[in-house]
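Chain IDs A, B, C and D follow the sequence of writing; residue 1 opens each chain.
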Amino acid sequence: MDDKICINVGGTVFRAKMSTLRKYPNTLLGSISFESDCYVNEDKSFYFDRNPELFNTILDFYRNGCIHLPNHLCGLLWETELKFWKIPLTEISECCYKTVSSYKKRVNISNMLRAVFFTRNQSECTSTSVLGKCCHRLWLFLDEPSSSIWARVFSFVYLSIVLISASLPCLITHPGIRIEHTNTDAFLKKAEYINLKFWMNKDNPKEMHLATSEQPIWLYRTNLAVNVFFSVETVFRFLTCPFRKRFLKEWLNILDIYLFVIMWIRYGVIQNYRNDLITNIRLAYFLCFCEAVSVLRLFRFFRLAKQYSSLRILFITIKDSVKELLLLLITFIVFGWMFANLIYYTEIREPESFPNMLVGFWWSVVTMTTVGYGDVYPVGPLGRVVGVLCSLCGLLVLAMPIAIIASNFDNLCRQNEEREAYANVQMSHKSNTSKTACNTSSINPANK
Amino acid sequence: MDDKICINVGGTVFRAKMSTLRKYPNTLLGSISFESDCYVNEDKSFYFDRNPELFNTILDFYRNGCIHLPNHLCGLLWETELKFWKIPLTEISECCYKTVSSYKKRVNISNMLRAVFFTRNQSECTSTSVLGKCCHRLWLFLDEPSSSIWARVFSFVYLSIVLISASLPCLITHPGIRIEHTNTDAFLKKAEYINLKFWMNKDNPKEMHLATSEQPIWLYRTNLAVNVFFSVETVFRFLTCPFRKRFLKEWLNILDIYLFVIMWIRYGVIQNYRNDLITNIRLAYFLCFCEAVSVLRLFRFFRLAKQYSSLRILFITIKDSVKELLLLLITFIVFGWMFANLIYYTEIREPESFPNMLVGFWWSVVTMTTVGYGDVYPVGPLGRVVGVLCSLCGLLVLAMPIAIIASNFDNLCRQNEEREAYANVQMSHKSNTSKTACNTSSINPANK
Amino acid sequence: MDDKICINVGGTVFRAKMSTLRKYPNTLLGSISFESDCYVNEDKSFYFDRNPELFNTILDFYRNGCIHLPNHLCGLLWETELKFWKIPLTEISECCYKTVSSYKKRVNISNMLRAVFFTRNQSECTSTSVLGKCCHRLWLFLDEPSSSIWARVFSFVYLSIVLISASLPCLITHPGIRIEHTNTDAFLKKAEYINLKFWMNKDNPKEMHLATSEQPIWLYRTNLAVNVFFSVETVFRFLTCPFRKRFLKEWLNILDIYLFVIMWIRYGVIQNYRNDLITNIRLAYFLCFCEAVSVLRLFRFFRLAKQYSSLRILFITIKDSVKELLLLLITFIVFGWMFANLIYYTEIREPESFPNMLVGFWWSVVTMTTVGYGDVYPVGPLGRVVGVLCSLCGLLVLAMPIAIIASNFDNLCRQNEEREAYANVQMSHKSNTSKTACNTSSINPANK
Amino acid sequence: MDDKICINVGGTVFRAKMSTLRKYPNTLLGSISFESDCYVNEDKSFYFDRNPELFNTILDFYRNGCIHLPNHLCGLLWETELKFWKIPLTEISECCYKTVSSYKKRVNISNMLRAVFFTRNQSECTSTSVLGKCCHRLWLFLDEPSSSIWARVFSFVYLSIVLISASLPCLITHPGIRIEHTNTDAFLKKAEYINLKFWMNKDNPKEMHLATSEQPIWLYRTNLAVNVFFSVETVFRFLTCPFRKRFLKEWLNILDIYLFVIMWIRYGVIQNYRNDLITNIRLAYFLCFCEAVSVLRLFRFFRLAKQYSSLRILFITIKDSVKELLLLLITFIVFGWMFANLIYYTEIREPESFPNMLVGFWWSVVTMTTVGYGDVYPVGPLGRVVGVLCSLCGLLVLAMPIAIIASNFDNLCRQNEEREAYANVQMSHKSNTSKTACNTSSINPANK
């Protein structure tokens, strides 16, 4: 029995050669001696209070020189185990490192999800003054629909006002709603007088109609009311918010502030320069630009995401898939531009199609996404071959990154479901044990 | 050997420190003493008749303070095991709770599938009267195609009548089949006389043709016959159904009753007010509305689903994926409306395209789904950039929820296959054992 | 130690209560007694030469009453094990039956793949006569490209002739290649004379061109040569085939015979009734029909599949996914027809769009597949809402079955890769051992 | 205890019958005898210093005659184990061979990825001369952006010049930028004089504009500068490259050389024959051809891939999925051509659509990819049925290979993520241990 030693791990006896263990003298097993604490004289064996199932893998490390982790056990367990036996994580062989790395990734996602879905409801009011309490209540009312029944009602009111505000630009510009204030001929004469021609196209019915008509007074008032509502709401939410630094980091709040600023600048300009609007080109352009950038007001709708986890996960996925989106864009643009070049040269003898390469790019994009409006398309046989290649190439180039993004979304959704299931179990256990308090206290570690 | 104790679990000996076990005094192992029943004096060990393989995980809980479940074993096994050792489920660490939660989810789906595919064939006739038996037979004949050969034939007849009823609206309105009863000019004069102009467009050939022609008599009779067939079938099925409450909960039956009511109201109106139809606008509108809502008659086709499991699973998937569908709709509408705003403002200088924002919304929807009719499309360079973004955005926004719905469908199909495989094995075992009855009786627990 | 007994399974000692085992008296363990062979008096235990790892699960069946299989072990192993312990497969709990059923499914697919990819190369020539050997060689030459270098060359020749035969219909009907034999006016006069008007549209340039021109003589001869080649090839392949019954079951051969028959009937008709072709309508129709059904000649290209496994797996997938394809078609048609109804009624006031419901069906199909030609599209606001619903519905209804078919294809491909990997290993082992024959013979079971 | 023997594997005792082991006399266990080294007289058992967990599977081979590998353990472990027990890999049963083959595949991919992402930064300068060192530095500067801050800056400059070079063809041919040098009428007269008519279409505005205008001088100079830059860069990179053979194998370098040659030939021709360009048709064609094949210059953009792993993996995926791409193309073309035949014959009576079969092929391709421009579409009812089948068939035929390619990409991305995670751990371990050097040295095998 020369150099064979017995190791008793949690009751199971293992036999190994001392020479094998001595290969890695810096690890726990490599440095054991018969004088150490864990040597039990009675049994002539070393005793360790560890899991014998996992010890096989540990011992295999000394036998074969590398660690292959069984993948049915959690990575955290292995981390603990390897730490105990003083074996560095880097000794895990590459083919089996997946067990640890996928576990770590899961934990990261899990922590991230927990941080995102942290309900602020539990954050207690820390202020003791009357004003402080009022502030806190008002803030909960405005920002946390789950806090009370009134907050819930308010969130519905908020959403419906968002809907109204979203439909307003459509109503304001709709030809069926606007009221004509000047005759077209009269306007044209006036326009000629003040030299408007160069920036206005009198053959464009849309522009002419917008110039000769105005929104009805009830629309103007609704618009103003909606804007005042959002302004007041934003101001109050900012003032009552207990943690203003964090407030300024959330993009929905930044959006609110941004819209607040844009809006009042616009109103100020309209009120002050009402009469100069038709003659002053810069002002008109500026107002039009303001209107266009206000389109982001629709994103207020995503405040709904607070109560609707799927929507939030969709945004997290998009944020986390920046790498794939970039890949999508780069390959899309490079291949699109290449086909634009090709189609221009192959269709150069066709009189009607592809007057320049930019039109070719528009065509290749429309083809690669398989939208295919049919406003431009190749006519010659060679051009059609390019068209076929372009659509197949588009399918391939788009399918790959989108499949990854979709699978990321799937992963996040599944893991969020698990998180919710776990949270529910813990919650229900808590409420049970709070009733039978004597029981719980004894479950918790006694020697704490 | 101070505080080390031996635990014999199903033959395998484990050794643990008493102090470790005492950490959780409220669990079975935490509260064992040398006086308890399970202590065997001869071996100086505690004996438990449990699975030693699972005990490693249980013991690790005392050592490390958390439970990491090996994922190659069924969640139900762990539930039983943890219950035996009096350890609450909440002590499972979050990273490994997946084993239990995914098992529970599988069981839920399995139960749901079993309930859905419960064949009513086995429900015996409980009535003893002659009328009761007849009722039961008639009901089986009408509702359960697998009950007899005649029921099978009837289901084919039923399906072909559904097909006829589906093709009738097409035939009735088809210009090639309708018979002209009045000259167009004569009709126009008459229409002018009774002042029909304001709700009829005489430049619309479709409307004019419908007004000046009528369906041939054979079509009218076929339509009536089909409707009578469905009415009689619905009435008899309802009368003979053994469990009428459940009958009224199934949506296919509700549909039948709904169509029954709509149909006869329509016929009543037509019979009573035949001559007023052309002059009375409200009646004409009402009949047209009745016709449009009768389109649901096509869903009768899904009665086929009873014998065709894939179709039923498709509906279950859609019902279970309400969350994802909602997500799809919300993101789709928000992004669609945003691009409608953007395209309107960027294309405002182009005379022909996008007269108002609603057209822009139609365009953005058609682009995001990559349908791309080509009736509206951006013309200016900036509008085309918006178009590219819109189509890419649509691909992303649609791919994510649809991927989840498709994967849900895949899961349900796979699990249903397994359910069927298991049911087949059980069935074949039953039929085997019913032949060799002596054998079976002894397989069943003897001490029951 | 009252009723506790020791069971030694392959060296590991298990302890169980006799009363527990007696629960299922018909199984091996339930019926053991101290008189049986497996009782070893020395050790006072029952000895079984089985795998102790699996025995835990067996023992758990007696303890808990149901079997939960660890899913990291192969289903076949469990079948063997349960058979040894005389426990029926039906005692496996439903949640864990997946291990067995998925294993069985894999084995089925594996067998199917092996049958499909069985190379007939190894089938030895059984005939001893000279003629028989010639036949066999000829057959290998014609049907098995991997049999010799000449067979390989022949298969390339065959493929190129398939390519020529595929391009012939295009050349024959192409206006740029056909030679005009009569003047249009002359033809029209002649046609009027023989009263052709009623089945020919003189405003259709395609029909007129086909009637007034003929294919050049070189095309006619090429066509004839190609047809003769295929006829001879088919006849020889059939005559030399060693197993003619199986020959008639393969669809590619049926196709060959079908094309053979069609072709010669067509030639016969043309030769006999050459002069009647223009005047005899029925003959012309018959020839046109022959031409149209000959389109299947393109499938000869799939003879390539013999050497190209992916293509064959694609066809197997389509054959195995009949259920999903049916589902696809049914839901597609039902929803398509429903939207056809809806769009007809909602667009009834628009003069230009959707003259009848069949056009509506064409539109809904084109929209649901997101092709979107743009020849018909809704114009009114309500019709556009229907359009949006239709395209979203189409995406959903198509995504689900197609995802399953794609995943079936993926599964088959992966499993085929594994099959190939295994076959390669076995093959390389064989060639190794045939060299070192002494070694191999001893690996094989000695007691055979 | 007749022929039962004890085998002590790493401490755990197994008992097996000698007759069972003798079945395979050529394996290690089949040939053991009581005289061999591993027999320990004291314990009356054979001792092996191996993993007892894996030994169950080994022993099952003797019992059942086939090996079923538990799939939770790494394939490499099993290879080592089977080698030790002298059991050939071919004895693994087919159903469980997956464990080994999937492991091998993973290792192959892993090696391939490591080779691809091998950073050449570490390749030390081997030359000792001053010139050699300069060369090496220059090469790192040109080819390895991560080598220094200046190399990084240069790579950005390079990319922006690629962008400029990509936009040049668009600017050169854009009608808004070119300057007219001759009047159209004058040019037409001149062209008539030198007999250009037969290769130029005077009704084609694009051709006419290109012929009567020239690029502005600044564009000409930019183009020249860009080309000189790339030429110089290519030459220097080639001259300084330490391993020129490998240089000539990388496709990006081949592209550079190819573009270099094309470019200077073109310039040479233009400089020498400037005046003959309009009259000499061949020269004009040759230059046009040169321009078209220079479109590949866009691929220089993929030099970016060096620092951007996703892009590189996308190319690896496409290279590895050649089989699937071929499958895609073959099925696509065969089905497309089949539908081209069908649509031509079914639409033969419609005057406007499908003048020949090539147009039919264009239509079927556009339909199968669901692009649907709407330039050609079926009009008759039968043609529309063919259209529906074509689009559904296209969805199926495309979905299957693309799903596989997308899943290949997904696999490669996941595995690359793991590779990066492992590399990071190893890297951080190295940097840690280089600080605490005394520790590390002892972790490494002592007996090396």
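Just so it is clear, contacts are C-beta pairs under 8 Å (C-beta built on N, C-alpha and C of every residue); 3 or more make two chains touch, one makes a residue touch a chain.
Keep in mind that what you see is a predicted model, and the values were worked out from it rather than measured.
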{"item": "Neighbouring chains common to subunit C and subunit D, by label", "value": "A, B"}
{"item": "Chains contacting each of subunit B and subunit D, listed by label", "value": "A, C"}
{"item": "Same-site or different-site touching of subunit A by its copy subunit D, using the half cut", "value": "different"}
{"item": "Size of the rotation, in steps of 5 degrees, that lays the CA trace of subunit B over subunit C", "value": "90"}
{"item": "Distance from the mean Cα position of subunit B to that of subunit A, given in whole angstrom", "value": "29"}
{"item": "Averaged-CA centre spacing for the pair subunit C and subunit A, given as whole angstrom", "value": "41"}
{"item": "Shared-contact residues (touching 2 or more other chains) in subunit C", "value": "12, 53, 72, 358, 370-374, 407"}
{"item": "Footprint of subunit D on subunit C - complex, ascending", "value": "8, 10-12, 40, 42, 47, 49-53, 72-77, 80, 103, 106-107, 110, 166, 169-170, 173-176, 201, 203-207, 210, 288, 291-292, 295-296, 298-299, 301-302, 304, 308, 310-311, 314, 317-318, 325, 328-329, 332, 358, 362, 365-366, 369-375, 398, 402, 405-407, 409-410, 413, 417-419, 421-422, 425-426, 429, 439, 442-443, 445-447"}
{"item": "In the complex with subunit B, residue positions of subunit D that touch it", "value": "72, 370-374"}
{"item": "Touching residues on subunit A, where the partner in the complex is subunit D", "value": "1, 4, 6-7, 12-17, 20, 22-27, 30, 53, 56, 59-60, 63-65, 68-72, 88-91, 93-98, 101-102, 104, 323-324, 326-327, 330-331, 334, 337-338, 340-342, 344-346, 348-351, 354-358, 367, 370-374, 377, 381, 384, 387-388, 391-392, 395-396, 399-401, 403-404, 407"}
